[in-house]
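Both complexes below contain chain A, partnered by chain B and then by chain C.
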Partner chain A sequence: MALFEVKNLSLHYLTRFGSKVHAVSDVSFELEEGEILGIAGESGCGKTTLVSGLMGLCIPPLYPSQGDVFVEGDPLMNRTPQDIRENILSRKVSMIPQGAFNALNPTRRIKDLAMDVIVSHEGKKAKKKEMYERIFKRFELLGMDTARVLNSYPVQLTAGERQRSVIGISTLLNPKMVIADEPTSALDVTTQKQVIGMIFDLLEKKVFSTMIFITHELPLLRHVADRICVMYAGEIVEMGTSEQLVFDPRHPYTKALMSAMLSAEEGARGKKPEAIEGAPPFLGNEIIGCRFAPRCKYAKEDCKTKKMEIRIVGDRQVRCDYAE
Partner chain B sequence: MLKNYPTLLFILQRSVWYFLTFLVAITINFFLPRFGADPIDLIMSKQKGLNDQQARDKEVSYMKEFGLVDLEKTIVTDNGAMLMTKDGAPITFKQLNDKKLLTVNEQKSFWTATIEITDAAALKSSILPILATKTLDGFEMSDTSVWDGDLFGETVKNALTLEELKSLKGITVSMNNKVYSVKANDLNSAFGGPVSTIEGKSPYVVSKNGDLKLFVNGEGHTPVPEAVTVGSAIASASVDVVIADQVLNTIEKRNDIERFEPIRTPLVKQYFKYLWMVLHGDLGTSFVKYPKKVNEIVAQAIPWTLALQFPTIVIGWIVGNLLGALAAYKRGLFDKVLFPCALLMNSIPFFAVGMILVYLFSETFRFFPSSGGYAIDVIPGFTWAFISSAAYFYVLPFFSIFPVFASGQATGMRTMGIYELGTGYVKYAKTLGIKENKILLYIFRNAMLPQLTGLALMLGVMIGGALITEMIFSYPGLGMALLSAAQNNDYPLIQGAALIVSVTVLIANFTVDILIGFFDPRVKAGRTGA
Partner chain C sequence: MPNNEIIFEGKNLVKEFGHGKTLCTALKGMNFQIKEGEIVTLVGGSACGKSVLAKHMLGFLQPTKGEFLYRGKKITNQRDHWQDVQPIFQDPFSAFNQFYTIREQLEDSFNVFYKKPSKAEVKKRVDDALLAVNVQPSELEGKFPFELSGGQMQRMLLARIFALKPKVLIADEATSMVDACVRANILDYLMKLKEELNMTIIFITHDIGLAYYVSDRIFIVDDGQIVEQGTPDEVALTPKTAVTRHLLDDIPDIHKPWIVRNGHAQ
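Moving on to the complex of A and B:
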């Protein structure tokens, strides 16, 4: 049994006037223990919405339309928020948000926030001092001036320290799986490297075992992920191993995405990044054909009218009837 | 040294700024009444049934109270003559007192004192060389003026003009300070008759048609009838002696003859005097309730104002913020009803609510009294009758301010709450599985901070509005005092009440300013530079 399984998950936002915006449509994948899945895609393709769905945290105006998420075989949808809060969040699934500054309560010290997490899940069994020692031990792994950071307010920390603190707090209760939602997008390259190194350090130290790493940078994913899935307009357009997707993309969108990247990879040098013409479709309207068709270089006559389904091409999944 | 205590340093810095603001408030308070119409004129125009002397006395006392003039003690005789030295400087009791000629027993008010003559003979001989003159207050002479008219109650007729005087042989006329001095070198030739003088002092009588006019050497002129006659002119006594006698007689006759002469104080001196007074907690003396001190009037009014405003602000703030937070969190019907109601309520001024309440509950239904702080038949004090009566009268004023203020806070808190609900830290806390009520606490606390600052900003408006509410309900607080002061041109009271209001607002702001640093680490971080 897979640790984490997503079956045909669709999510929509309900607008004020009652219309729906289908932000995530028909997403399915499985994740074995110890695996790292990368999710890539441009802004607005539904990555962050998908994260909410994966955690079972559908806060209005976000609603699930169909499908389900299974954590160790247990379905997430149709459970009460209370149930999800107590049993899933922080314990099994945890998230590292993007923009760590906004994620930290400005009027709470790091240690207080961390203690809130422990108290919320384990009750007030432990004394404050014990809790502090426990938090201290965990934060020691993050390679910071632990005592100072723990006793600081978020404003007093650097961006890197905040990001590390967030990672520390998110993984405090040893979740099975961590969803990292663009954890490094706000950081400079050096700090990025340190933070990613730290995340993998935690992986190695078995703080958590499985991870979904979300980013808009495909080349970064090659170093991080075992498998990559690329999303476009709420759908998975291609999924395969990272080598396959980075060096041999099949779906036109993945190809376009790769050629739009400035890459320092071997063999990719000297290539000029190309922009993808046009803009993603508005998801409030029902789209029948391929969602990428209007921007696709290889689009055929029937692309806009025929419903595209996931196909298995070789050992990867592609949502394009003409990809080989 | 202070660098090690950033909080203390911050409080000190703030205090300095607030003190400067306070000085500005005092300065504005000082200058405002001095820019427009003269407050003394305004208050004097409202005085009725006073004779000239009383009016003048009153005016001088007002000017003194308002700090416009300094009063110099002088000795003034019954008929208004003032003892002066030859240089024209007033002779004061102190001088006489120093010579142990008389003692000032007690100062009854700034106006009069009881004196006692210790050595009449010595006093007499001491005064002898001193010339007494009438003050020439308000009596200016020009070169052409005929010195006819009513001069300090004595009628002068057929006086010589200056030109006529100058044309007399043996007379020299000189002018000093608008006062003419006349010296006669040869009176006999001037008047065609014998004139005698004593000890080189020269009293002269100058007249046409046999009426008396007397000029004293030195400064001024004093008509002293009976003292001399034309032709025989001062045979036996010097006018000095006459006047000295007159002064002594007066002193013996009446004990309270010390007078103060008003001398205009320079503006700068006035300012520093006012500053000194205010910094020592002295707000001056009321014009209308003279001689009641402004401090006293304000001290009577302030408990009422505080009793009305403090609970209103505190309860209104708490209730308003709780309602606003609840509306932000629950949304739905509760919010849909509360929010427009609060918006509507908040846009009505306090006094309008007050008037509506008076109309409904006082005029129409007669549930509550419409004016006053307590029933007429109870005496203020710690009695059950008084407290219950005060509580009964408290209801309408309270409910005219409370809903407006609370709804203002509620709208602010709702907006802030909704904003905080959508922030990243709330979402993150949710993904961490932190308990709902804990997240609510985060939101409430963080949304409260701008509310706290807003409260400080609103306090001035609040207090001003509440003062108007007091006026509507004739509540015996500061607002009422201010109203009656404004109606009666009681400038010292207006100044005092306005200053108290600004000081209250400053203190409240200061408190919030300091408190916010303890509640909000972002502000604290800014302070410590961390």
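Moving on to the complex of A and C:
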């Protein structure tokens, strides 16, 4: 049995005017223990909404429309947030949020925030000193000046230290799986490399084993993930191993993403990155055909009217009837 | 084409914050000249002083020692300065007011001008700008900042620039939150705008790939000093300092090994 399973998950937002916006539709994948899955896609394509769904935290205006998420066979949909918080979050599934600075309470020290996590999940069993030692041991693994970081307020830390503290706090209770939502997009390249190195360190030391890594940078995913799935307008358009997706993309959208890359290599200066014309579709309306069809270079007549299903092309899943 | 007028000039520019024990020197003697119509990129790691320099360029800060000149003069009146110089900030969520719709705020940004265009023209310019950043104006009707995603917000900041059409643009990490396709789109449009208005653009980024593609000159900033400056080819292909080499090596590139899984960062 897979550790983590998503079956036909669809999520929608209910707007103030009563209409629905289908932010995520028909997402399915399985994740074995020890695997790293990367999710890539442009901004506004439903990556962050999918994260809320994967943790079972559908807080209004977000509602599940169909499908389910299973963690070790345990379904997550239609459970109360209270129940999810007690049984799933931090123990089985944990999240590394997008902005580290916004995730930390500015009026409390890092050690207090970490203690809060323990107290809220395990109750006030242990003494403060014991808890502090436990936190200290875990933060030692993160490769920072532990005593100083634990006794500082978030504003006193650098961006890299803040991000590492957030990762430390999220993984404090040894979750099986971690969902990292753009953990490095606010950091510079050097710090990004350090943070990724630290995440690999934690994987090596078996703090957690499985990860979903969300980012909009495909080159980064090629180094981090085993498998990559690319999202467009709430749907998965292509899923395969990272080598397949990066070096041999099949879906027109993935192809376009790869040709828009910039690099500092010789000869790359004259090469213009290819932009995709047009905007992603508005998800409030029902879309029958392929969602990428209006912007697709290879679109055929019936692309806009025929519903595209996921099919297997060259060992990977592609949502395009004409991909080869 | 770059002509001879010098837009920004720094002469031994020093900026200090705090005093006594908490003294922190952010800029340690910078010397540089930026000419009209040039695209200059400041590249460096976090906390190297890029953003402090950008704040000087916007007239938010005055140097402690040395001189900082805009078209040969010191910046005395901020509003005068902002007629020509406009920013794109790093964090779009703190740049917009959460209590007003985006449309209102885009239209209100014309208030900075002493000579404000007519209401109809303002509306038209905002509409055009929104289309330029791939957003349908009708989709944005009555939307508040918290209803958009991070990348969409970043595009709203760009739309503001496209509407105002300033002579000098300071883009502080403007494309760090958008994906490659949108980035290509934005750069495309910025280049068009640059051609049209002979705009001077100062990019601030840690992405040397972006710097290599767009700029006429690259400044590598480290620890409050400009350690290397030159054309993109000089800087990216034959780096002279260790800082530049580090910045180049740390970019995740699909063809080069980066971090070996199950090991330490190299």
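Criterion: the second predicted complex is superposed on the first by the 314 of 324 C-alpha atoms of A that agree within 3 Å, B and C clash if a C-alpha of one lies under 4 Å from a C-alpha of the other, contacts with A are read in each partner's own complex, and residues count from 1 in each chain.
The criterion applied here is as follows: a contact is a pair of C-beta atoms (placed from the backbone, for glycine too) under 8 Å apart; a residue touches a chain by one contact, two chains touch by 3 or more.
Keep in mind that this is a model prediction, so the values were computed, not measured.
J.: Is the arrangement of chain B and chain C around the shared chain A a clash or a fit after superposition?
T.: fit
J.: Which of the two, chain B or chain C, is in touch with more residues of chain A?
T.: The partner that reaches more residues of chain A in the superposed model: C.
J.: Contact-wise, after the overlay, does A:S170 reach chain B, chain C, both or neither (first, second, both, neither)?
T.: In the superposed model, A:S170 contacts chain B only, not chain C.
J.: Where does A:S90 make contact in the superposed view: on chain B (first), on chain C (second), on both, or on neither?
T.: first
J.: When the two structures are overlaid on chain A, which partner does A:C229 contact: first (chain B), second (chain C), both, or neither?
T.: Neither chain B nor chain C is touched by A:C229.
J.: Check the residue A:C296 against both partner chains and state whether it touches chain B (first), chain C (second), both, or neither.
T.: Neither partner.
J.: Which partner does A:F247 contact after superposing on A: first (chain B), second (chain C), both, neither?
T.: So A:F247 only meets chain C here.
J.: Which holds for A:P106: it touches chain B only (first), chain C only (second), both, or neither?
T.: first
J.: Would you sort A:H121 into first (chain B), second (chain C), both or neither based on which partner it touches?
T.: In the superposition, A:H121 contacts chain B only.
J.: Of the partners chain B and chain C, which touch A:Q156 in the superposed model: first, second, both, neither?
T.: The answer is first: A:Q156 touches chain B but not chain C.
J.: A:I59 in the overlay: touching chain B, chain C, both, or neither? Say first, second, both or neither.
T.: Once the two structures are laid over each other on A, A:I59 reaches chain B alone.
J.: Look across chain B and chain C in the superposition and give the shortest C-alpha distance you find, in Å.
T.: Once the two complexes are overlaid, chain B and chain C approach no closer than 6 Å between C-alpha atoms.
J.: Identify the residues of chain A that lie in both the chain B contact region and the chain C contact region.
T.: Looking at chain A, the two contact sets are disjoint.
J.: Looking at the complex, which residues from chain B come into contact with chain A?
T.: Those in contact with chain A are residues 423-425, 427-436, 438, 442, 445-446, 449, 519-522, 524-525, 530.
J.: In their shared complex, at which residues does chain A touch chain B?
T.: Touch residues, chain A against chain B: 55, 57, 59, 84-86, 88-91, 94-95, 97, 99, 101-109, 113, 116-117, 119-121, 153, 155-156, 166, 169-170.
J.: Under the definition above, what is the set of chain C residues touching chain A in their complex?
T.: 44-47, 134-136, 139, 148-152, 154, 176-185, 187-188, 206-213, 232-233, 236-237, 246-248, 250-254, 258-259, 261-265
J.: Would you tell me which residues of chain A are touching chain C in their complex?
T.: Going through chain A, the ones touching chain C are 40-44, 48, 98, 158-160, 185-194, 196-198, 200-201, 203-204, 216-220, 222-223, 246-247, 256-257, 260-266, 268-269, 273-276, 278-279, 282.
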